[in-house]
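Questions regarding the structure given below will be posed in turn.
Residue numbering begins at 1 within each chain, and the chains themselves are lettered A, B and C in the order written.
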Amino acid sequence: MAEELTSQSYEQPAPKEQAQEESIPGVITTTSREINEFLKKTKIQDILNWGRKNSLWFMSQPMGCCGVELIVAGVAPMDTDRFGIIPRNSPRQADVMIISGYVTRKYFPALKRLWDQMPSPKWVFCVGDCSISGGPFYESYSTVQNIDEIFPIDVFVPGCPPRPEAIIQGFVEIQKKIETKKDRGSGYEG
Amino acid sequence: MKVDTMEAEKIIDSLNAKFPDTISDSQIESEKRISAYAEAGSIVEICRYLKDELQFDHLSSETAVDLILKDEIEVVYHLSSFGQPLVLKLKARLPRNNPEIESITSVYWDANWYEREAYELFGVQYRNHPNLRNLVLPDELLGDWPLRKDYEDFPQKTAKNLV
Amino acid sequence: MDTNIGPDEMLIHMGPHHIAQPGPFRLNVKLKGETVQDSDVEMGFIHKGIEKILESKTYLQGIPVVDRACYLAALTNEEAFVGCVEKLAGIEPTERSQYIRVIVEELSRIQSHLLGYGEYTEFIGFMTMFFYPMTVREKILDLLEMTTGARITHSYLRFGGVRDDLPEGFEAKCKEAFALLRRGLEEWGELMKSDTIYRERTVGVGVLTPDTAKEMGVTGPPLRATGVDFDIRKDEPYLVYDDLDFKVCTETAGDVYARIWVRVAEIYESMYIIEQALDQMPSGPLFPENLPYDRRAPVMRVPEGEVFHRVEDPRGEMGMYMVSDGSDKPYRVKIRGPVFPTMQAMPPLIKDSQLADVVAIVGSLDPCVSEADR
């Protein structure tokens, strides 16, 4: 029984070949991607952006020293909930990934997999000096430097570690960027 | 709790009496610190004697030091006790191109992870260790022995956004 | 751990990104139903190589780096490092500096215990007890920030003394914060003693006996909760701890409930130590007269030798072994973190317990994973 289960391959079934659409008179077919591209140029996108920026849910993963300030930013007296920002633990339920701290070579594949699992639109922002340049450990054999060449980062919050108020300011900057359509996360061209 | 030098001297005398050939150069460094050199081949017997007879029941740390100028790697043990505030430092010298020593996990249970760490950072091979593999390093860095003095990939110069 | 699983068993990887873990490490558990048969700990996800970095920085540059080894209680790391160098170079800090160091280190211990026990109650679902201590912790961090300039990683100690004196108004603010903390601790103590669900989840769970704890090398509050009184501040007093009067807090049950009470009792003792130190502190200079180096010079040579210095961290016994070869950079520094043997003791402790208890046991040991990985 166990052998039968493992011998089945778990790949997705091969996509059906794109048959030539027989044009049924009066029906237009399209994909959701085209709808998305169309809406980006209209005013409806402003309403979508207003909804997105006022409820940014972040994935909480304290990795380094900055992780402690991230936890403190979520509780009283520096509450993030008044901006609509709450921590979620699963990547499938989050909008924002926060890289708080240094990334080591052992942890990096797990981080990449978490980023790939998040559904778009998604944003990422960096907290602390270690993710900007390497921080006090920029010479080490075990940390990965230059994270901004791998992820499309929107906001950098410098400090070692930054105060919780600075992290909240980082969220406010992302909100401003989303409103004026200048963020790298949603994939606007130009 | 103050320990007097009589107590430290008694410990050194009993060690010297029991192991005349394998313990050498034992001295009292300061109040509450004594040190000695041990032969690498009989380290397990010495540790068992210290734990059973002289009540040194706590292994504070076990590590290695790379002495590249003398072509040696030294393994350093710090043994202390929950009852008396005294720390004994034991050192064993190993040749640098083939550092092998017996593991003391049969005497001290918590030496397991300390020895794994000394193995992956310095290359010290421990015989009869239950599970000798890498602890903190990723798999691709095993075999490079990063903490030796002639490791080439340090310091890294790839960081770009430095001010 | 044997990864072959039988017909009724399941292998689960908890981590490194997990909701109920106080830091990134991977815990592989083999389950039969809900009972844990075997487990294994994998570490190294936040290994930064501090020991190699310290070999390429001068002694003064090493103080901010060693601060970040355990960032939850940074001042005890600095005390171990600075204490080693002072022993090698033969420097004795002045009395006023020693009292100031005791005060800030005890404040650091209070905020670390509040964070540790707040996070642990969050993991088992008792969210109210997470928010109350964190608000009071802000007042303690305000005191630390007034003195040292930073909230977490302070870089405050120097060889022979401290960087700056205590600011004006420190005593009054301290008394205010302690009054708030005492009132809070009484309320939370009542909550914890009377809540039935909390007691069901914690009493009798994860029991350690004194002999097993000594055999496994566990130190700190988990060891004191089994009845062994081992505290470096009493056995090997450093700074002015032998002039101050305090007691070592122990409990006898050895389970999760007892470990939390040891931490609460230590908060009371730390407040008492700080009040005594503020009364007894003499006035005087911060640095001794005959320092062997100029305090503002960036390069300081330390004579040859080796030393092993131990201090009492909030999580146990912290030691630092330093080898110096006479130049201005250390030759080898080994940091012995208190959490390294405690994490080794996790697999035997969680054997034969339910999966939901694993979270409670791991949280009550209060591991700071950064200290184990370095």
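By our rule, a residue touches a chain if its C-beta (ideal position, glycine included) is under 8 Å from a C-beta of that chain, and two chains touch if they have at least 3 such contacts.
Treat the numbers as computed from the prediction; the structure is a model and nothing was measured.
Centroid distances from subunit C, each centroid being the mean of CA atoms, peak for A.
Between the chain pairs B-C and A-B, more C-beta pairs are in contact across B-C. If you average the Cα atoms of subunit A and of subunit C, the two centres end up 33 Å apart.
Note on chain placement: the centre of subunit B and the centre of subunit C lie 24 Å apart, centres being C-alpha means. Rounded to whole angstrom, the centroid-to-centroid distance between subunit A and subunit B, based on C-alpha atoms, equals 46 Å. Residue positions of subunit B touching 2 or more other chains, listed in rising order: 137-138, 146, 154-155. Among the residues of subunit C, those touching two or more other chains are numbered 44, 47, 49, 52, 56. Of all residues in subunit A, those touching 2 or more other chains are 104, 106, 139-142, listed in ascending order.
Of all the residues in subunit A, the ones that touch subunit C in their complex are 61-65, 68-69, 71-72, 75-77, 89, 101-102, 104, 106-107, 110, 114, 136-137, 139-143, 160-161, 163. Note for the complex: subunit A touches subunit B at residues 104-106, 132-134, 138-142, 145-146, 148. Of all residues in subunit C, only 43-44, 47, 49, 51-52, 56, 214-217, 228, 230, 234-236, 308, 310, 317, 319, 321, 323, 331-332, 334, 336, 340-341, 344-345, 373-374 touch subunit B in the complex they form. Of all the residues in subunit C, the ones that touch subunit A in their complex are 16-19, 23-24, 44-50, 52-53, 56, 64-65, 68, 71-72, 115, 119, 130-131, 134-135, 138, 151-153, 370. Those residues of subunit B whose C-beta lies close enough to touch subunit C in the complex are 1, 32-33, 57-61, 63, 65-66, 76, 78, 82, 85, 87, 89, 108-110, 112-114, 134-138, 146-147, 154-155.
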